[in-house]
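Below you'll find the structures, each written out as structure tokens.
Here come two complexes built around subunit A, the first alongside subunit B, the second alongside subunit C.
The block that comes next holds the complex of A and B.
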């Protein structure tokens, strides 16, 4: 063997000429490898494949004409985008390749943006510079951010779009959850222009909690909130029995009375076995439309009702009767910030509702909870726990200061460097996987972590991850012209006595006026231009629904005549649009011609009911008494351009000529039929 | 025969003689003139001991270092055609070299590996010289020149390290320049001077680029010339035989 090696060595490097020759051969081979490697680049292979794919197609000629070989690049310096994805993804813009399943040749699904104006990495991330599959899609040592898994791709829309988009339901849901589940109480999340996201869950103050409920209930609730109410947004802190005992001891101990010394009378509450009275209470609950905000499990086990207020399925096991009476009389006495309106209940009705809510008791819920009298040590330990667990980030608690930035800020969590993340053993090393695991089970990263566990479905977790992945550092560097900012929060507050009434009845919990308020009920900014005063007063006194397809939600507030009149005056005077220009144009139409147009040319009866016996339309409001309800000028302009009056309305934008609009207005103003029997109370 | 006659004819032509004045005579005078009248050749010795050419004497470490240096100059100039010393374009240019430029990866890797090899070879050269005692008189000055060349090699390595403008580069230079600032009295000033500021940023990148591509290579070429020239002046390579009989 050594002999052979020696011979070979002598042959190759025996003298200087041979050595020179051998090394030259090595050099030539090396220099030949370099262009060869260039020739066998991955993307060339894909481009050849694409060409053979289109060759056999009927539209191959036009596809081939549009095909461009070589490295294809999108360069957008102002967006910091260099994209070479189209080098291999040759068919991105070819809609006719829709049937092709094999990547990288599939066409891009239609999106509102032009691919060449936004590039690929803006939405899909990954390494745009790369021209190899591995480098472009995976996380490598030289480029950390891998391509975004398709199920989170909506998050990229959120980098610019701070308002909800129709095409991004998952992102919208995720953002709503960040606010609704109170994530932002502990975690700061700011938009690129610095606006901090605020929570919408309104956690109750615990400063007077001993007046409202018992220590036993607190114990059971903090052990597992979802055992009391499946829709509860309070997370599970996975407390031990001892910790829950001490926290409940402290919370009862810190509580102060909310009405100093006043003796509180409880109205006559019907006994639970008085089924007739409980049924009556149920009727008051129904008539007052409590279910517009509060959910309750019905006998069939289905959850019905809104999610603005807490679920009431087991409320009888929770609240004390004296507190409930005060609360129903006027909630603001206990909680000045509550979203619950001030119903002007008669004392008798308060008792009936209490009787009904008292029947909503789960005798099993507190069966096994027995609390001994708390010791001073337990109370002190409870206070420590309350501070450590960040209870005061959400709840107002006497003696424990609200903690700002209790948890890490998540403003740029979508761009979190992998080196800053402590991954749990066995999990994939990517940011989406980390966020998702952290939400699903925070304690899987260590028992000492404080983050509580939320009860969420898989799709809810995906939504949250999507919303969080939208918080990137790239979002900050994008030009301001691209950013669709969220509507600035409105601080609108109506003035005077009407303003006080609107605050008292919490109109803004459901209605939006001048940019402030909820989205459950119609927007009222121009209500005064729309309706007639007489109808408004009667509606405020006895609300009903206008639309056959919608369940009525507006509660009856038991207003006095004076209160209804003050509100109506204010609405008629202040909530006027500036767009109307006087009486000349809309008056004097031919109502007979209007009727023909209504049933003929414009077929309004497809959506609206005018004659309950004949008409079948049920999409739009019933118009039987529209002549009593609406202002003719409003009808005229509505017929001409409804979108201008109420953006997003389902009403067709007719662009009617003045004559037709005048005629239909005149016809509709004649519709003053008395309400159908039983249609509303 | 015809070929050699032609070669002689060319060598005796007027043009050839105007460039290479010395003829091709076989006397010692002609040989030494051929070397001394050529700007490149005159750095080398007129005569070399046969023993000095043996592999075992030097392991060719100096020549291999020079070879690396030449490769680095050539690939470095080619890389300069693609590289902008600016933030953040420098990093994007690395990506272009990796993914788009023909043979870009080859160029970059050749530059990088040659740089590593040069540092290794220069150290090996130093140790070889040291253990064979070749630093002793009359070669003590050339030893000092050699040490300067070692330092220049290291500076070239260090300045080149920042140019990719990636995390590795940024932090290596941050750490390195912080070490620099620990020098008593002038440390902080030196750091400011080298970086062109207080942090590693656009100025530092530009300064390192100029040092790496212009200043340090020019100084290295001057010292290389002195180094080679002194080999001849100090009596050729140290072979271990007695130089002065």
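The block that comes next holds the complex of A and C.
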């Protein structure tokens, strides 16, 4: 062996000439390493592949002309972007490659932003400056920012766009849910300017809860809210029987009366076996359009109704009759902040509605719940649990203070450093996976954790994760000029007695005025310019339906003549647009010509019913008596630009010329027929 | 020696991290055919979960459902199934939740089962993954178009389709809409039906919608066309 080595040594380095030759060969090999390494770079391989992809295409020449080899970089110092993604993704801007399915050569789908102005990692995350597939896309040893899965990509829009965008339904839904499911009661979430997100749910005060319901119901409800109402937004705290027993004991114990003094009267409530009376109560429920806000499961098992108020499918198993009577008479006596309007029901109707709601029971729900009298120790333990679980973050509870910052702040949760996350065994180590697992099953991270479990579908979880991923540290460092701020919340409050009436009937639960209020019903900011006073008074007294197929409708509040008149005066005086110039441009149109235009050129009858005998359009309001309802100047301007009068209306912006608008206005103002029989229902 | 132990340990840890592929259940029934029951032609954003589960049914020669047959779902387009395989229920059906792949476009899902002899039979479901522009188009369609162009009514949204004298085309009606050029689609939406000698019941949507909104709507119409829209001829490349 040693003999062989010695021979080889002699052969290579025996004399100076041999040694020189051998070393030269070694040097050449060493010098070749660098270019060879360069030659086998991953990105060069993809660029070669791209070139052979385009070579045989009919548009290959122009594609090849635009192709640039080498490392391609987008550098945007003010956005902190150094992206080399286009080095491999060579076809990003080539729309003609739309049919190519293989990555990295697919073109980018059309978006409203330029790729070169924003770069790639702004939306997709990942390591922009990496030049290998692994480093760019995954969180490896050296890097922690992984590529954002496509289903969450809308979250990146939310870094700048705080105002809802039409093209990001998932982000919008997620942000709504953060407010509607009460996430922000416990978690603080702020915008980059520091505006804190507020909740839109209205968790009831529990200060008088013993007056409203029984301990048995509270026990069953906190054990599993969705067993009582499938649409309930209250999460499941996964309480043991003992804990639920003690919490219910404490909640009953802390409750105080909400009306002091004499025992309250309940109206005559029909018996449950009096089906005719229950049916009558159902009619009052229907005519009062309770279903505009409250859902109920019908006989076929389908959920029908709105989601502003709680579901009422099993309400008969929940509420006490004395409380229900008070609530139906005037809900503000029990809860001054409720969204429920004050219906001015007659006592007889209160009884009928109580009879109907009382029939909505579920004998199974409380079947196995038997509560013994609570001991002082149980009540004390219940109070401890209520404090620990953060019940007071949402609900008002006597003796337990509202805890600020009960749960971790989520303002920058989308950029949570991986090193700070305690991952559960077996889960992928990325921020989106962590957030999604945490929402799906909070206790998978440890049984001692306080966060309750929400009942959410897969797509709802995706929406929530999207909204939370929009909360990044990058959002804070972006130039302020890029930020599209949300409209500041409006604190508009109408004045005087009309203001009191509007508060009493909770107009803002459904209508928006001056930026405040719900979206279920038409916006009323300029209603005074729109309608005639006579029609308004009769509508307030007896709201008949304007749109034939609408199922959410304005309830009848049984207001007095005086109340209707005060409201109408206020609306007619205050809710006036300044956009009308007063010049009588709208008058003097040729109504016969207007009729031709209505049925011909503009085909208004495809959406509106004017003559119930022959028109069939379902979309817009019925115009049978529009001449008694609307102000001609409003019609004229509406035809010219409806969106300017009521942003977001479905009416087409006709951009109509003055002559046509005048003619149609004249024609519509002649429509004063009484509504056909039955149309008011 | 120590390094080798460490390596072994790492390998073991690595094995733990990868989800253990649950052993596929053993089929107790065998059919001769597999058919799609529901869940086809759904639209969702790229990478999103489809609203409705996808359901396939294994049938015997008489066309009745076979219980206990093994159904396996797969996709070349990156779709993810939960669960990816399983046995059919007593009605012969197997249902799975589908998360689309990250790229927009048509996504095909294949459900496979085997007959007694081990021969594979399969059925394909076509789903549609939308990109940003098409998603925007879908939102606009829901707000402005579908009341007339979608003939199906729900309690919450009654269709106006049958009230019109000229029936509007469903956006999925590829046989008709694929014949209309992009420029003409944009023109009809922008200027209304009357401007193109079609029904004036289709109103002009400019300036209600911006040019880019209308562009998004046409992208959506192309995306949901059935049969699928295939662009004609050579593209002019982007400048």
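Keep this in mind: the second predicted complex is superposed on the first by the 649 of 681 C-alpha atoms of A that agree within 3 Å, B and C clash if a C-alpha of one lies under 4 Å from a C-alpha of the other, contacts with A are read in each partner's own complex, and residues count from 1 in each chain.
Operating definition for what follows: a residue touches a chain if its C-beta (ideal position, glycine included) is under 8 Å from a C-beta of that chain, and two chains touch if they have at least 3 such contacts.
Please read these numbers as outputs of a predicted model, since none were measured by experiment.
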item: Joint occupancy of subunit A by subunit B and subunit C, clash or fit; value: fit
item: Subunit B versus subunit C as contact partner of A:3, first or second or both or neither; value: neither
item: First, second, both or neither for A:131, with subunit B first and subunit C second; value: first
item: First (subunit B), second (subunit C), both or neither touched by A:84; value: first
item: If touched residues of subunit A are counted for subunit B and for subunit C, the larger one; value: C
item: Contacts of A:15 with subunit B and subunit C, given as first, second, both or neither; value: neither
item: Partner chain in contact with A:101 - subunit B first, subunit C second, else both or neither; value: second
item: Lowest inter-chain C-alpha distance for subunit C and subunit B in the superposed arrangement, angstrom; value: 22
item: Residues of subunit A at both interfaces, subunit B in one complex, subunit C in the other; value: none
item: Touching residues on subunit A, where the partner in the complex is subunit C; value: 58-59, 62-63, 66, 93-96, 98, 101, 103, 106, 109-112, 149-154, 166-170, 304, 426, 458-459, 462, 549, 551, 600-603, 606-607, 616-619, 643, 650, 652-655
item: List of subunit C residues in touch with subunit A within their complex; value: 16-17, 19, 45-49, 51, 77, 97, 99, 101-105, 131-136, 139-140, 143-144, 147-148, 155-156, 158-160, 162-164, 194, 199-201, 203-208, 212-213, 215-216, 219, 231, 234-238
item: Subunit A to subunit B touching residues, read off their complex; value: 34-35, 37-38, 71, 82, 84, 127, 129-132, 135, 142
item: Residue numbers on subunit B that touch subunit A, as the complex places them; value: 92, 95-96, 98-100, 102-103, 105-106, 166
